[in-house]
Amino acid sequence: MGVDAFETTINVAKMFVIFLMMVQAVPVLVWLERRGSAFIQNRFGPNRVGPLGLMQLLADAVKFLFKEEFLPKKAVAFLYYAAPVIALVPGALALASIPLGPPIEVAAFEMLGRQMGPYVFKLQGYDIGIGIVFILGVSSLGAYGLLMAGWGSASKYSLLGALRASAQMISYELALSLSLVGILLVYGTFNFYEIIAQQQGPLRFMFWGKENVISWLPNWGVFFNPVGMILFAASTFAEANRLPFDLPEAEGELVAGFHTEYGGFKMLMFFIGEYGHMIVASALLATFYFGGYGIPFVSPANIETFFHAQGFGLTAASALTALVSHLALLVKVALFLWVFIWVRWTLPRFRYDQLMDLGWKSMLPWALANVVVTAVWLLVANTK
Amino acid sequence: MNALFAVILLAIIIITFGVFLLVVSGRLGPKRQHSAVKDMPYESGLPGTDTKDTKVSVKFYLTAILFIIFDIEIVFMYPWAVTYLDSVKAGAGIYLLGAMGVFILLFVIGLIWEIKSKALEWD
Amino acid sequence: MPAMTEALLKVSLNHYLVLSAILFTLGMLGVLLRKNVIVILMSIELMLNAVNITFIAFSRYSGNIDGQVMVFFVMTIAAAEAAVGLALAVLIFKRFKEVNIRYFEHLRG
Amino acid sequence: MLELADYTFYFLAALVLISGIAVITAQNPIFSALWLALTMIGVAGIFVSLDAWFVAGVQLIVYAGAVMVLFVMVIMLFDLRHEIHAFSRGILSGFLKLASAGIVLGLIVGTVYRSAETVFAPPPVETDKMADVTKALANTLFTKYIFSFEVIGVLLLVIAIGAVTLSRIRGGTHASHD
């Protein structure tokens, strides 16, 4: 068949690893959220189980596992049980298409008496040429999980919460996808690798057909499209149903929104989906506006040459470069995730009409203006 | 391995994992015990009323309709956005900007109309 | 496996066309057999999707990008049709508390 | 020799057809809508197998993400849980309808197999060339079809105004007074 068994194995294993990464990140994030909230509010938070309370989530998970099954009367069983499974899908599918580091080159080697390689493994689940369009498409499927949960559990709070959630999600999806048009105009490609490659080195921009360089700033997208960055970040809060946009589960009004009737592991699965949204949003923010896995002023090629000079072989140097770059991305993502948690205790919740007004009457026009201004600016800047 | 197969594979992995979790947590938990109160949907402790009477604002579906229309307009901007820089460098930027300018103008007219006609008003 | 069967199973343009034909017929059956306006609208979407498959398949096998542009337009029209169709369905429901297709004949004047 | 791409096609075709049948046979409209969403996702996969990545993405965004969400929302709004007359009745008309659908299917499939040679795919597009496909699409859209593109803009404006106006109508000759 011409398909290399070794390569296929690695590629399949990558899927599992990336999915497990998302699932594993959730307990850490929940711990961070609870400890962070406690820190901001000047209290202790979970600190009993294990060092710093790190084992708390393990204990919670075990407790969740041993909960009694529950199905409300009149509930549509199929929808009720399918909804949490569906809620897992968009986040993981989107995360797998974001590059987590530069590709690893593996030099040819001999295994079991057979000549293998050379290979290039990308640090992502699958490389899709249309990157961001795929992510937008997949994350727009997120509404189904909510609607199925809301309808399936045959409860008023759930139905209202689901309708609110999906109306909010679709409203902010407009601002989200429109704010990305600005950055696509600047880079002229959907491909994440090309976008990241264009963000390396010092800040370089065209003006009246002449190239200018500002040597003390990295060449990040945020300097080309600051308004787009702010709009994108704000609408991801709404997409992930986080405060100040957590209307779907406003405790004071709707008990818990669409997952009112859920408990145990089923609720945890909704949580995983929600945190998956946050992780994807942070990774996208880093990729589009903050150089992705790139370290400011240092290109991956430089890192690799450095490791070569230290006496590492091709494979080892490449793997180490990928590791270092991946850590850079991880730092950025962690920073944005912390902002997500921070904002939760800084801003109060919106009212529903304010939320819709903000989405449709402020953010949409601003995003549109951003597109027009960027287009005109590009035209002016590149004309001699 | 092509990307389409990879996407399908990952989707299958996720769904299998989810179903596995459902089954495991269903098996491990205590035996389900029915009672009239427990099986009732939660309504803050008040006696539940029939869900058929739930009145939902028609605003929700109006929002969804407007979302479809604006979403398509934004989707049309995506191919334009990727090809714009190339065209600007090739000297055809004015033409593309004009083509999209008319489209954006129609978009703005629609948006202003919706705002003026109070279709986006939630009260 | 005999070579004949294998030649039939190897995916070619015809496979896509037949798939599209079956999908189109399903949509047609839905329009003919169902009475709920919303389900009829969904069946129309099914038929439009079948046509889109044909467009893309021909575009791919003849190396001509125009088919993809056409699919773009078809999607737009389909979405617009769904928006207006559902607005009508909501009107029907408000008056008759049911969305049966036979109430559409009252939509005059 | 069948390859991975062939098996992927058969998987997607089965997905599309099974969910398509479920759309028109489901008694409950909400299940119809959810099955149709699955059909749309399958069709997006079919597009991808034909290397139309961008159109597949648009299919996901517009159809699966927007149109079907609208359908699901409207059905939830109506609470159309129980439907008594899901199918039209009448044995003769039902037979005629089935027969006409069968004839259409037979005609199309017959034509396909009588007229077309078995055409196999040209080599697939490389991942890093996919951007070029999108750019070619954009160039065709903004040169050859520029007029249609602007007309679509006008159409969408009209739809936006029309749908809102329609949803405002109340009363009329057949208004129920309750």
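Each chain carries a letter (A, B, C and D) given by its place in the written order, and its residues are counted from 1.
In the analysis below, a residue touches a chain if its C-beta (ideal position, glycine included) is under 8 Å from a C-beta of that chain, and two chains touch if they have at least 3 such contacts.
Keep in mind the model is a prediction, meaning the values are calculated, not measured.
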Distance-maximising chain from subunit A - centres being C-alpha averages: C
By mean Cα position, the chain sitting nearest the middle: B
Pair with more cross-chain C-beta pairs in contact, given C-D and B-D: C-D
Mean-CA-position distance for subunit D and subunit C (Å): 5
Chain centre separation (subunit A, subunit C; CA means) in Å: 34
Euclidean distance of C-alpha centroids - subunit B vs subunit D, Å: 17
Mean-CA-position distance for subunit C and subunit B (Å): 21
Residues within subunit D bordering two or more other chains: 1, 4-5, 54, 58-59, 61-62, 65-67, 69-70, 73-74, 76-77, 127, 131, 133-134, 137, 141, 152, 156, 159, 163, 167
Two or more partner chains touched - positions in subunit B: 1, 3, 7, 51, 54, 56, 58, 60-61, 64-65, 67-72, 75-76, 78, 82-83, 86, 107, 114
Junction residues of subunit A - those touching two or more other chains: 3, 127-128, 133, 159, 163, 166-167, 170, 173, 177, 189-190
Pairwise chain contacts under the document criterion: A-B, A-D, B-C, B-D, C-D
Residues of subunit D defined as touching subunit A within the complex: 1, 3-4, 30, 34, 37, 41, 44, 53-54, 56-61, 64-66, 69, 72-73, 76, 127-131, 133-134
Subunit B residues within the subunit D interface of the complex: 1-5, 7-8, 51-52, 54, 56, 58, 60-62, 64-73, 75-76, 78-80, 82-83, 86, 96, 99, 102-103, 106-107, 109-110, 113-114, 117, 119
Subunit A contact footprint on subunit B (complex, rising order): 1, 3, 6-7, 9-11, 13-15, 17-19, 21-22, 24-26, 28-33, 38-44, 51, 54, 56, 59-60, 63-64, 67, 70-71, 74-75, 77-78, 81-86, 88-89, 93-94, 97, 100-101, 104, 107-108, 111, 114-115, 120-123
Residues of subunit A that touch subunit D when the two form their complex: 1, 3, 79, 127-130, 133-134, 136-138, 140-141, 143-144, 147-148, 150-151, 159, 162-163, 166-167, 170, 173, 177, 189-191, 194
Residues of subunit C touching subunit D in the complex: 6-7, 9-19, 21-30, 32-36, 38-39, 41-43, 45-46, 49, 52-53, 56-57, 59-61, 63, 65-66, 68-69, 71-73, 75-80, 82-84, 86-91, 93-97, 99-100, 106, 109
